[in-house]
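Letters A, B, C and D mark the chains in the order given here, with residues in each chain numbered from 1 onward.
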């Protein structure tokens, strides 16, 4: 119990960060009209492609002689890029069609 | 310039905290219907009464022999309490009247 | 250590209740609970601080100090509770203003006391000095706003080119603050001088603004106090003061802007001199279009009694005259006679957003009878009588027809579509915007001059006798 | 050091763009710009990481590595861009599903590679193992969802009491993960076994769910991937991964719930077996009430040609048949003949929220002709003809009249108020909810059987010849 309390208190910064981010995420979405649900899902999908940053870090930090690690890192970056680029482009394509004529 | 960058980077935790809090504050309010503006203003007013926590801290940390400080601290706590109690009670009174009959 | 940890968690919980509370307050169904949730969080934060806060080597809990704290809280609770419970609903703006001022003063006092403990620590001094300045401005500004709403201070006081003077004072105060922060001075005299200068600026800031603009000013000062609380949070690295302060700071700023928008004027207009107090108020001298028609109480009573549908448009005058109970009586008696009665609620009728809802709810008017502008506007065409009580700008057709009018573009209640229009006010004077209202010259309009409460009381008596 | 600082600021800016982007995407006017804002932030975060990231002693930028990174990005951009630009609008759900799976796989791979660098560091291992599990589930689940939407995997595969089996697998996977975290094992074999187990669970999770429920599943997996990205953020104490991940995690969860609500069924229903795939789909065997009336293309053409007002109700069948361009042609020709044409858009028509808007916007239908349910419902009474194309559940009156119906309570388009109702579908089979629709037996209703594209094309030809 005491340990749990200490853990929470010591990580309070990150807890506030998480809680506030969750609130922001929920509040920001809460106002979306139904029409925009599909583009929004797609846009959010593109944003979690930020995981590519992790893939780049792994690759930068890897031992340059470790071929397996380099290969895996390469694949990870390709996958991340697909998520990011595909996500943003397709969202843009959808939203382009919404503009008033 | 370099110093400014360093300052920002070193205080990033608090910056994220502030930015996220501002977003939460704005988003949360953004959805309020006009009918509730008065109670909301009053409720928000009560919440900033949290400044009373600072007044209590000042009083707890003050030299017990310093009469002027004790007196000022006393006044500060009274003022803070007025803000908190008055604010919440009057908000409740207003909202009570909104309940469906 | 464990006490510290529990306190941190208490602050975390309190912060979440503040967010949840504000969120719940934004929905009519959960609003009341939301207020209680935030209040519970506040209680946790306060109790936690009193019993668990500890700054090694500084904090002590002598009976004297604890006695002072509990005494202060008891005193504040007593006064705050009583005032809040007994004040009239029409005095809401005054009350919020007063409580806001208390918070600002509290923040300023904290800064005054902490200044000497932090000599040399520039980071801390920045937050302290800003806390003093903003807290003081919020305090003295709120007091002036209170006096203006109260009627004690009637006319806006305006020095020539007061905008320039005020800007100069503001720069002076902040320059003074910068000196206090960076010079390393320990002079108590200078500190109190800064306090006084900030108080003075607060007065100068609010004094040129017209009384009718006070709600906007209060909302702005409300967010100032939030900011001052947040600076306290920085000083003590106290998370709950930070969340509470920043939340109110940002929410309050948005609310201020929303209020201005609803009245169709920019915030800068309110602060830097605007029609609210400019000369035009008296000069409703635009050539009157047509003539005014009076109606007697007796005729008005007959007209309403034999109508199918009456829509009541309440406005600021109703609030001033405290006529909310009489109007409810009128509504009840008409309904007994088989007349359908509804209230048309304009979002900025009165002097605070939602003012009319609060007021009418107080007098037990059925919530479902209060209809928002967008919904009621199509209904006017089917109303036999519209009774306008102490409203003026919110039914002024110039908002739709006259692009040169200061209220042009503001959505209004389209009462001119009804068959008969009855208008109750005391004279032909203008309302908040200080402009002529063509509606009164409309052939369908009949005027019922007099104080709202008087006229309505007579109307009720008359209808009862029919 | 300075590079580090700039990188932190770049991350801060990117985080803000993510928030702003999501916010702007929630408003039709700013949505497109919002997407670009978030994309710009992403670019900043990626470029910053490539050039500025530095973990003392580990990071190195050999030409080989940089080559790999830029090569990977170029490859990913090429494929992603092409796919996104060329895919048909009706295939949106598949596409989002695929891209989502890629992100999940990326997160899982990061975990696989970081595992051995963090032996003994429990805190890091927790985030790594959770990242692997959640990322893998999201990946394999998305692939299954993709195959189902694609039509490759038609029927839901359901083992007996699959809910219990799945729960057991889930507990097993997490237990395994806990072992990997706390045992201190360094076995690569076990690590890949965990990866495989998580992938397997992802398949088992999605496979029993009906194809029609896939959009909800994708939205859920979308928020899973967000969570996996956030765990990566914890691992590297990387703020932009944290904000991006948590934002999508929370927003995605809410969006999932909102989607379920719009269809009037709880999320648990979707995941733990629901009508979407239960036997009822075939057993639309409830006693038919009355008889079905056919109408010829020629008669339908005449009827529509001489109407004053036609309302078109598009549904899932229109999307499947890719008939969005033909329907626009029909609309144009009718308008040329002086008929007023509008589209009635039900929020959950089709298979994704907003599906119909996207689809019809693609075929250049004027935005102002797309009318939301709440607004169009009162208009049906004044319509001469309602043409229902490939819609079923969204016009099923059982939602209002039959409390035992699974769609009871869902708001519907009240087409039965129109004078004539034309329904185009291929057969009498049920729609998504798998239930009978009384509307088809309504005396006002005439059926136009056939594939939507075929029927509409013929209709257009017929009207042209009139």
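Throughout what follows, a contact is a pair of C-beta atoms (placed from the backbone, for glycine too) under 8 Å apart; a residue touches a chain by one contact, two chains touch by 3 or more.
None of the values given here were measured: they were computed from a predicted structure.
For the interfaces A-D and A-C, the C-beta contact count is higher for A-D. Subunit D has its Cα centroid 17 Å from the Cα centroid of subunit A. In terms of their C-alpha centroids, the spacing between subunit B and subunit D amounts to 41 Å. Put simply, the C-alpha centre of subunit A and that of subunit B have 33 angstrom between them. Within subunit C, residues 19, 23, 243 each touch two or more of the remaining chains.
With touch defined as above, residues shared between interfaces to two or more other chains in subunit B number as follows: 16-17, 21, 23-24, 27-28, 30-31.
Checking each pair of chains for touch leaves A-B, A-C, A-D, B-C, B-D.
Across the complex, subunit B meets subunit D through its residues 2, 5-6, 8-10, 12, 15-16, 19, 23, 27.
Within the complex formed with subunit D, the subunit A residues making contact are 17-18, 21-26, 28-62, 64, 69-70, 72-101.
Considering their complex, residues 13, 16-17, 20-21, 23-24, 27-28, 30-31 of subunit A touch subunit B. Subunit C meets subunit A in the complex at residues 1-2, 4-6, 8-9, 12, 15-16, 19, 23, 239, 243. Subunit C makes touch with subunit B in their complex at residues 14, 18-19, 21-23, 25-28, 31-32, 34-36, 38-39, 42, 45-46, 49-50, 53, 55, 58-62, 64-65, 68-69, 71-73, 75-77, 79-81, 83-85, 87, 89, 92, 95-96, 98-100, 102-103, 105-107, 109-110, 112-114, 218-219, 222, 225-226, 228-229, 232-233, 235-236, 238, 240-252, 254-255, 258-259, 262, 345, 347-348, 352-355, 357-358, 361-362, 364, 366-368, 372.
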